[in-house]
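Shared between the two complexes below is chain A, which has chain B as its partner in the first and chain C in the second.
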Partner chain A sequence: MHELLLQTFLNATYAASYIALVAVGLVLIFGVMGVINFAHGELYMLGAYGVVAVYVGAQQSFLLAVAVGLMFVGLVGLLMERALFRPLRDNPLSGLVASIGLLLILQALAAIFFGVRMEHIPPVTQEVLRFSDGVSLPLQRLFVIVAAIVLLTGLWMFLKRTRFGWALRASAEDREAAQLQGISVTRIAQLAMVIGAGLAGVAGALTAPLVRVYPYMGHSVIVTVFIVIIVGGVGSLEGAVIAAIAYAFVHTFVTTFFDGVVADIVGLLLMLMVLVVRPTGLFGARDRA
Partner chain B sequence: MLLECDNLVVRYERVVALEDVSIRVPESGVVCLLGANGAGKSSFLRVVSGLVKPASGDVRFHGESLLKLSPEEIVVRGVAHVPEGRRVFPGLTVEENLRVGAYLRRDKHAIEEDLERVFSYFPRLRERHRQSARTMSGGEQQMLAIGRALMAKPKLLLLDEPSMGLAPVVVEEIVEIISRISRGGMPAVLVEQNASLALSISEYGYVLENRRIALEGVASDLRGNDHVRRAYLGG
Partner chain C sequence: MLAIVPEAARFRYLLAWTALAVLLCALPLFLSYSQKEILVFTTINVILVVSYRHLTLTGEWSLGHVVMMGCGAYGSALASKQLGLAVPLSMLTGGVCAALVGWLLSYPLFRMKGFYFLIGSFAAGEVIRLLWKRFRDPFGGPKGLKRVPGLEEFEFAGLRIDFFDPVPYYFFSLAVAIVCIWLLWRIERSPLGWSYHAVHWGDDLARSVGIPTRRLRRRAMVTASFFAGISGALLVHYVGTVNPSRFNVEEMVYVLTWAIVGGVATLYGPILGVVSLTIVNEIILREFGLDQWRPLFYGALLIASVLFLPKGLESLVAPARSMLSRLWTRSA
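This part shows the complex of A and B:
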């Protein structure tokens, strides 16, 4: 029992890692642009297909594939800002609708280029860290955990220590007041889009060998991430990370000790409970202008 | 003249906020703009800082028209706007708010000096520099908003109702600082509903009524003007 708990703990840590990466990107984009990016799950999917193309297809190293996934998806984010969100800046609702349209387009493109079947991605490493008989952690999962810690810490430092980070937070809080400080809202939107999309892309690329890769894989991730950002308080980065951890732990433990369907239900109930007790989410105390 | 605004007309969808408004601001001293709620005072400042584009008229700063410039470019030219309601960034610390004010500056050394200067104007900000702005009192937030504008190293300060919602003692403190900043060589446009306060630290004033300039003159003359006394000075 003791070992099962430890093993479940490791599994949950892994799940929390990639959920947090995707959720934080979504919150960042929402904070700066006021738009819920429904195509965020597809950015995650594109990251995974980056690995399919570069690591499986072109036979390059996995690290290179992740880097390409990061840059490619970051670029897609930049294009989304230019083509969708900037023209619709003053109308968050149409931005949302446009992102739903884009979601379908990206799924269709992935299906056209790669087909709708599941991709088989050979594991990068078969290495497994064995802590004891019943407790182990595949190295591939450790990559994801380490990457999430490094990237989220890096993002945190960027937001707290650099002038672009302050400008980004300022724009998210009060766009007009930020303009009065000489901050270009467009630049900051681009920055948020590149970072947010890039994080989703990295998450997709790193988890590609561990999950089922197919054109509609973004769906299950985005549902989880929506629950997470609602629980965390839409717009709160800290909330997203903490809610990702909380959700992943509850979900993984319930899955292990009951089953996956019960875990999904518990996750939704958790969200409802938070919404009843604190409609703004756990960390959503912020007043938006 | 530092700032010349000629025949400004501002419209929002159906509302006309300013009609044929001309205002001049010299290279030094405080010019105040008085008017009741909804008179169009904020709209005027928003035109100068580029947040609103006028339907017609011109705004020139150092002789250069600002009409085609973005708010960011206007900040670069040296206009700093302390908006109505302070609008500090609540989740940023006091120091981060101030540093965001210096966002476009590259002169690292001078930024640190200006930070020190702002702290010397407002010792309360120094004491609380690591505290998030949302935890500050109204008066402290106003100080922060003014300090943030000073961090841009502006050539002209636009102040939109700095006394709004503050206790009389705090208002006095803020007014004292504004006049100190202005005596230090910083020209300012002060928008106020509190006319006696505004006239006490201004050299020149304009009165906005029904979207137009109803009256303008040297501050001491305005203080003695019957209409101003009746309508704005409570007697």
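This part shows the complex of A and C:
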């Protein structure tokens, strides 16, 4: 029993790390752009296919594949800003529909180029850290946890310590006031899209050997991430990280001791309860959204 | 001279409505069997999307509306299968089931607003959907319910009308759709409907003059859920089966895009949206084959329509109408 609890704890930590990466990116995009990016799960999917193309296809190193995934998905984010979200800036519902359109396009492109069957990606290392009997952590999972901690700490430092970070937080707080201070809102929006999309891409690339990679894999991720950012309070990065950890632990433990469907139901009910008590999430400001 | 103008306008109206009625009646003549089936589903979806717009009148967008449709489908299927109710009665029961579920959900959900309501309604709907999936008794689990009885065939003036055939069922659902749309139209044009608009456009102001905004939102949701339930009941007695994945978030996304691409400022906007997007997706793109490319074109079309037609297809209607009437006066 003791071992099972410990093992589940490790599994939950791993789940929390990649959920937090995707969720923080989505929150960043929402904060600055004011649109809900429905295609965020597909950015995650693109990151995973970056690994399929570079690591499996071109036989390059895994690290290079992750870097390529990061840059490619960041670039896609930049294009999305220019082509979709900038023209639709004052119209969140249209932005939502446009991102749904993009979601369909990206899924179709992945299906056309790679086929709809699941990709098999050999893990980079078969090594497993053994703590005791029945408690172990594959090294590949440890990579994800470490990367999430490093990236999120880096992002936090960037947002709190640098001038760009200041400007980004200012325009998330109040776009017009930021503009009056001479901040280029467009430049900041581009920055937020690159970082937000890039984080989703990294999460997809790093977890690619651990999950089932297929064109529609973004769906379950986006559902989870929506729950997480709502519970955390839309626009709150700290809230997203805390909610990601909470959700991952609840979901993993309930899955282990009951089953997956019950875990989904419990997660959704908990989220509804949080919203009934605090209609703007745990850390959400009163007048946002 | 002055009296002639409204007379002529009334004549034009009459002509336009007659043309529409003839078109709707003659439509099955020009379609293949599978296209006739699509016609039935489109008619059902018209009810769904018009009821969805009724909810958006109060300014909140839901992602749980197809689950309300599902409540109607499951409710009606169970009422006819387990309780042995006649199908038209069980359809009404399905609508009432959906309205009840909508009423229950409206209490927690309308504490939220905007994006929170959007995702909150999705979560609430998903919980219901997962309950259908989890409980084999009575919902049938992931495989859902099978062998749901259809409408009974009957003889009319020597003609045997069999509702397994798409054409009679099309006319049946068309009649139901017309009644539903008319009822929703009457509600919107009643004082209640005007206060929905007040709730949408001036929430705080409406509250300050004594309009109970939350209660009105709840009422809109119950009404919309009832009609969504009716559309679900129509669906289940035609298809004969129902399962949880028919009402997942992907289906909801389609409803959302129909409404936004068509526009929700008018009653006909969403109808234009569902009809034109269905024609493009199911008939034109299917003609080309290339099933893998279909979502790609559909997605591109969605993007193009929000970029270039931000007010929806309905914004094309007024210019088209004025052009037609100019042509009419010139030829007269």
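What we mean here is this: the second predicted complex is superposed on the first by the 285 of 289 C-alpha atoms of A that agree within 3 Å, B and C clash if a C-alpha of one lies under 4 Å from a C-alpha of the other, contacts with A are read in each partner's own complex, and residues count from 1 in each chain.
Throughout what follows, a residue touches a chain if its C-beta (ideal position, glycine included) is under 8 Å from a C-beta of that chain, and two chains touch if they have at least 3 such contacts.
Just so it is clear, the model here is predicted, and its values are computed rather than measured.
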Taking the superposition on A as described, I'd like to know which of chain B and chain C A:234 touches: first, second, both or neither. second
Based on the superposed arrangement, let me know which partner A:1 touches: chain B (first), chain C (second), both, or neither? neither
Scan A:112 for contacts with chain B and chain C and give back first, second, both or neither. second
Is A:88 touching anything from chain B or chain C once the two structures are fitted on A? First, second, both or neither. second
What is the contact status of A:180 with respect to chain B (first) and chain C (second): first, second, both, or neither? first
Chosen between chain B and chain C, the partner touching more chain A residues is C
A:280 contacts which: chain B (first), chain C (second), both, neither? second
Residue overlap on chain A between the chain B interface and the chain C interface 289
Touching chain B in the complex: which residues of chain A? 163, 166-167, 169-170, 173-174, 176-184, 286-287, 289
Over in the complex, which chain C residues touch chain A? Could you list them? 61, 108, 111-116, 118-120, 122-124, 126-127, 130-131, 133-134, 249-250, 253, 256-257, 260-261, 292-296, 298-303, 305-307, 310
Touching residues (chain side chain A, partner chain C) in the complex: 36, 38, 84, 87-88, 91, 93-98, 100-105, 107-109, 111-112, 219, 223, 226-227, 230, 234, 261-262, 264-265, 268-269, 271-272, 275-276, 279-281, 284, 289
Can you name the residues of chain B that touch chain A in the complex? 49, 51, 70-72, 75-76, 80-81, 83, 87-92, 96-97, 99-101, 103-104, 148, 152
